[in-house]
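Common to both upcoming complexes is subunit A, partnered first by subunit B, then by subunit C.
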Partner chain A sequence: MASSDATAVPEAGVGDTTGVGDTAPAGPRERQEKRQRGRERPAPRGEERDDRRRERRSRWYRRDVRWSPYAFIAPFFVFFLAFGLFPLLYTGWASLHRVELTAPTDMEWVGLRNFSRLISDDFFWNALRNTVTIGILSTVPQLLIALGIAHLLNYRLRGSMFFRVAVLTPYATSVAAATLVFVLLFGRDYGMINWVLGLAGIDPVDWQNGAWTSQLAVSTIVIWRWTGYNALIYLAAMQAIPDDLYESAALDGASRWQQFLHVTVPSLRPTILFTCVVSTIGATQLFGEPLLFNGGAGATGGADHQFQTLGLYLYEQGWVNLHLGRASAIAWTMFLILLIIGAVNWIIARRLRKSA
Partner chain B sequence: MRTRTRSSRVVVLAAVAALGAGVLAGCAQDSEGPSGSATSGGGDGGKGKTTLTVGVFGAFGLKEAGLYDQYMKLHPDVVIKQTSIERNENYYPQLLTHLGSGSGLADIQAVEVNNIAEVTATQADKLVDLGKTDGVRQDSFLPWKWAQATNEAGRTIGLGTDIGPEGICYRKDLFAAAGLPSDRASVGALWAGDWRKYLDAGKKFKAKAPKGTAFVDSASGVMAAITGSEANRFYDKDGKVIYKTNPAVRNAWDIAAEFAGAGLTAKLQQFTPAWDQGYANAGFATVSCPAWMLGYIQDKSGAAGKGKWDVAAAPKPSNWGGSFLVVPEAGKHKKEAAELVAWLTAPEQQATFFAKRGSFPSSQAAYALPAVSGAKHEYFGNAPIGEIFSAAAQGVPVQIVGPKDLIIAQNLADVGMLQVDQKGTSSKDGWNAAVKAIDNALDQ
Partner chain C sequence: MATTSQTGGQRTRNVISGRNRKGAGRQLHGGRITHAVLILFTAGSLFPLVWTAVAASRNNTRLAQTPPPFWFGGNLFKNLEIAWTDANMGTALLNTTIVAGAIAAGTVLFSTLAGFAFAKLRFRFKNLLLLLVIGTMMVPPQLSVVPLYMLIAELSWTDQLQSVILPTLVSAFGVFFMRQYLTGALPTELIEAARVDGASSWRVVWHVVFPAARPAMAVLGILTFVMAWNDFFWPIIALTQNGSPTVQVALTGLGRGYIPDQSVIMAGALLGTLPLLLAFVIFGRHIVGGIMQGAVKG
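Entry: the complex of A and B
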């Protein structure tokens, strides 16, 4: 994939640099050919040849200017078509059929049945509820902590580079490795968290089997992993806030906290909105953490499906139960939910912009 | 001033490097796992050699038992490469996708027994009929193993590698501490012939159990062992789903639920990290163990468990697991691949597979070979595992397998019985939850 990408770009690049140079619109190879042709035939009368050449040159130049930009962006769109848009549409088509993974080409038209059955599907509603609660449990603390960390990192610190890298480390860790460690930490019999609770005289908690405890545990993994990422985004935005704002606030006698509340947060508004959107999308698609939190025991999301998210239910229908049609319908429903969330966000953003 | 900034920069760099190394380690671990890049056909590995690829799940063991090396020595023109995906639940959907598209397949693919009925019923036209390969003798296999991979048209699309006859693995030290006999003959006699006697032994154990130990690891393990000893399980012979009304399944459910209700289980879920820790910490005294599980128990119990474990006969002969090898029609070297499968599943090689890896032969002709009949397991107190598992294998009834066995078994265990065991849900509610999940899973 990478190699074809790489070859496509330089070719276009060569064409462009010569084009912009204006003097030699045709590629080097073509020029050479022309020279050879010129040697073979007797040269036509001078002006005519120049005219023709000039005309050809300007034609090439115009084409170059016109089409080169498309060539530059083509690789992305080609890959997007192949791996983004086509699967999206094909999933939509499959969601209207009864298709099994054992025979993916045997499709039987069922109309909207795969969607309408979701309304009476308790497992779907359970998964949707879990996705929402885990989403709230993970996103809200995550963004608040990230804001706090970013604020601290924004001070002049010794070794600030170290802290900034350290904060981003969890983000660079693989979900699988991180979740495995958390599974051990949240273990019922030999987990470290229960051990600490035991020191404080609290009875061991069966983290995995309680509805709230398991969702809290999954949220913890998400928070651990994504807080640093959001903190860095906030930090970047904070550094763009002009110092004079703080200066004048300080002159007015505002405390650090008041400065944070009345200068930093309002200035970060667009950034906060952005992280909200991205985190919400991430939360809706949550998959790896709850899958692996089950200790490798499948996509059920616990004995009572207590932490089965939409992503996990989709996976269970498609790749465990092998019902591709039903899984596709869930995928499209998730897509529609995201569109609704996006629309709500857009409306809020517009309101905020107007009020600001 | 300058030296200070430099030294602090060095510290930062070192810290970044250390963190980076950690991150890389994390990533490396990730990519080591499922490496599902099975290349089609494999092509010729230079110098006119034929490269055969074998796609398997988990630590399948053929490679580890040295069988590939042995074959390559016998056939210098063949190179065997293996790709493995850790868990069958990830391996199997990918295998179906590849069979559907006819690409990305290895020359030989492994299939787990819970999937073999579905593969035989739906994928037979995409797989080579191995029954006609030179050197394959139907009568050397257990008849039921042969039948499981043969479709209605008489095409045998898979040859059996191993089966999973079960015993009961138990800890001698915990049995002795609880005042139960600890030699394997008397232990086997405790529950011979009846799973309810196993339950009674558990109740006796519990009365005097050492602190922090349970009689059995999980209720689901008991249920799987009991259903594995029945001829009719989830499907009847006409292919109808009957688990809901099958008294054998209900009986298995009830006994397992009694184990949970009486507090005889360690409330663990099999093949999770917590289960592994249970082995390491001697959290339970018995586990229903198919032959292939002995190696796992040895790994997880480690040096501390050496000399403490033993194997006794199960109450009734029972089977859990086992695998097949199939050859996709889309492969480039179908003939060579079929020959390799025939060789790998021949009695002598199955005996080696058992001696090295504990995977019990599906070839009944292998049982007479000394490598099988005389096999003892050092870690399990030199238990005569060849004898114990041969007896179990020959006593196992011919079980009817169905296409969705895996889904039914999984939901009964991981949804229904797990609730009863770990959350204290009533047996009735647990059963209803499992049935609801299975109904949803089977509905296309």
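Entry: the complex of A and C
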């Protein structure tokens, strides 16, 4: 097989590949011409059978080049449409129906009632508020610390690879494992954190039952898991900053701190924006930490719903109270919030670019 | 590339002998304070993990005393055994290995094929389709759980592993990642040369694309495996503690009082984290490289 490939192709194949070749930068019309030229070229001496075989081969070849891209993207798009795009749109459809978990195929049209129920539900507004506060409490310190750590990691260090891997280990820890440990560490009576606070003369804090304290604790878990990851992303961007920027700043007499402020941070602007967007999306979806921080008490997010996030509220409506239609409405509301945040981010980015 | 620019930078810097020469660039050695801060931060990053092991080696009574234990006790293997059998962690580890392995393999294979097509081939609607992929990259999973649940309920797939494998088998991020990598790393001439030699598209993929993509495939595979191993939201909905749980589902069961012994819960958390920590010890360099690479290109 392989040898016949090698002998048969050079005559028929060459004109063909350069002509129809997917990668050649020729325009469609040009390709058409080339193809025709290839056809008109008088067949080299040979038997008729050879000719026909060559013709068949080149036809097969054209077809291969033309259709193989679709074959390559097909597996991805089949799964993507079935499990990505279709559910996304169908959620919108389901949000306009009454659907119960007990009979998911029984759908009753209710228009926008799921949404109006949502707006009049105090727990929705509570969850929205909590999501915003926990989002700020976790994202802002996380990114600031990450920026500082990245700056330090950017120095020439002994064991720099050790530090990089070590700061990433929390990322390897799952939400569940991390939260279970932190529940113990934040324990009111026997927790390590209260014990340390006790050494400093501070009374034990009831982390779980206070509104602010529980949100702080949940945020701590998020910060712990993601700071190292973000630090590495900043580090990568810092290493791409050209040295001469620092050199000219140094020539101008800028101190290290000024260099950080006036060279590093402005160069990192796109990366900072990127991490802001990703962290915001993550914060909007926060689910596992507040679910498990509540121990065995279910999806309420604390006795007074004090740390119930939108993600948790969605889960409670759908899989505890069995209202799938309402859960869909929450999902679309979350999406809307994300779009608004995205738009705000984009506007800020454009402003920054203009001012730069 | 990097080394030449670095030496170039050094040369210029040697020429410049300004008063602030020391303050320039990243050639600087970290001082004692830098090291101290980093060691402190690293300690904070590692402490909860180490303490998980400490707590797993004690017993429930000891964990309900102050001060909390700081060093290992003698109950580690007993607790691991209880977690393994009673809390279903053995099954869960096996299930998660299957799930994460299948998802990583599927994502790498399909992303490489699609990424190659988007990077190097010409076909109709290419830009439109790519835009669709990128546009949905940031859509949260919450937005599709309800229909997905209805789907698997309809197919009676609840509590079966395919219900968590199939929906996550491909990833838009993976396609984007491979496309970015192959655009730069795979010379178009190489494909053309293979074509001139009469190779079919599949042979081009096998003999040219896969070898060129191997480093990125490895990175994507590891990252996807980690993400699939730790995936939480959807498995919680699709699987149950007593059916065929993944590690995260089993841990959630533990956290919700399935077994009230705290030291056993910590043993379960340890079991569920250990495989990934091992992977980090072995592949740490590559994982770090992969995340940093993805950051620059994404």
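One rule holds for everything that comes next: the second predicted complex is superposed on the first by the 287 of 356 C-alpha atoms of A that agree within 3 Å, B and C clash if a C-alpha of one lies under 4 Å from a C-alpha of the other, contacts with A are read in each partner's own complex, and residues count from 1 in each chain.
The working rule: contacts are C-beta pairs under 8 Å (C-beta built on N, C-alpha and C of every residue); 3 or more make two chains touch, one makes a residue touch a chain.
All of these numbers come straight from a predicted model, not from anything done at the bench.
Student: Of the partners subunit B and subunit C, which touch A:His323 in the superposed model: first, second, both, neither?
Tutor: Only subunit B is touched by A:His323; subunit C is not.
Student: A:Asp206 in the overlay: touching subunit B, subunit C, both, or neither? Say first, second, both or neither.
Tutor: A:Asp206 sits against subunit B, while subunit C stays out of touch.
Student: Return first, second, both or neither, reflecting whether A:Val183 touches subunit B, subunit C, both chains, or no partner chain.
Tutor: Both partners, subunit B and subunit C.
Student: Touch check for A:Trp346: first (subunit B), second (subunit C), both, or neither?
Tutor: A:Trp346 contacts neither subunit B nor subunit C.
Student: Report the partner of subunit A that touches more of its residues: subunit B or subunit C.
Tutor: More residues of subunit A are touched by C.
Student: Is A:Ala303 in contact with subunit B, with subunit C, with both, or with neither (first, second, both, neither)?
Tutor: First partner only.
Student: For A:Gly295, decide between first (touching subunit B), second (touching subunit C), both and neither.
Tutor: Once the two structures are laid over each other on A, A:Gly295 reaches both partners.
Student: Mind working out whether A:Arg98 is in touch with subunit B, subunit C, both or neither, as first, second, both or neither?
Tutor: So A:Arg98 only meets subunit B here.
Student: Contacts for A:Val167 in the overlay, against subunit B (first) and subunit C (second): which applies, first, second, both or neither?
Tutor: Only subunit C; A:Val167 stays clear of subunit B.
Student: For A:Ile281, select first, second, both or neither according to whether it touches subunit B, subunit C, the two together, or no partner.
Tutor: After superposition on chain A, A:Ile281 lies in contact with subunit C alone.
Student: Where on subunit A do the contacts from subunit B and from subunit C line up?
Tutor: Overlap of subunit B and subunit C footprints on subunit A: residues 101, 104-105, 158, 161, 165-166, 169, 172-174, 176-178, 180, 183-184, 189-190, 295-296, 298, 318-319.
Student: Flag every residue of subunit A that touches subunit B in the complex, lowest number first.
Tutor: Contact set of subunit A toward subunit B: 98, 100-105, 121-123, 158-159, 161-162, 165-166, 169, 172-174, 176-178, 180, 183-184, 187-190, 206, 209, 294-298, 300, 303-305, 316, 318-323, 325-326.
Student: Which residues of subunit C touch subunit A in the complex?
Tutor: Result: residues 5-6, 9, 12-13, 16, 18-21, 23-31, 34-35, 37-38, 41-42, 44-46, 48-49, 51-52, 55, 63-68, 109-111, 113-114, 116-118, 120-123, 126, 129, 132-133, 136, 138-151, 153-154, 166-170, 172, 175, 188, 191-192, 195-198, 200-202, 205, 226, 229-230, 232-233, 236-237, 247-248, 251-252, 254-257, 262, 265-266, 268-270, 272-273, 276-277, 279-281, 284-285, 287-288, 291-293, 295-296, 298 of subunit C touch subunit A.
Student: Quick check on the complex: what are the subunit B residues that touch subunit A?
Tutor: Against subunit A, the touching part of subunit B is residues 8, 11-12, 15-16, 19, 22-23, 26-27, 29-30, 33, 87, 89-90, 93, 96-97, 100-101, 118, 122-123, 267, 269, 271-274, 277-278, 281, 283, 407, 410-411, 414-415, 418-419, 422-423, 433, 436-437, 440-442, 444.
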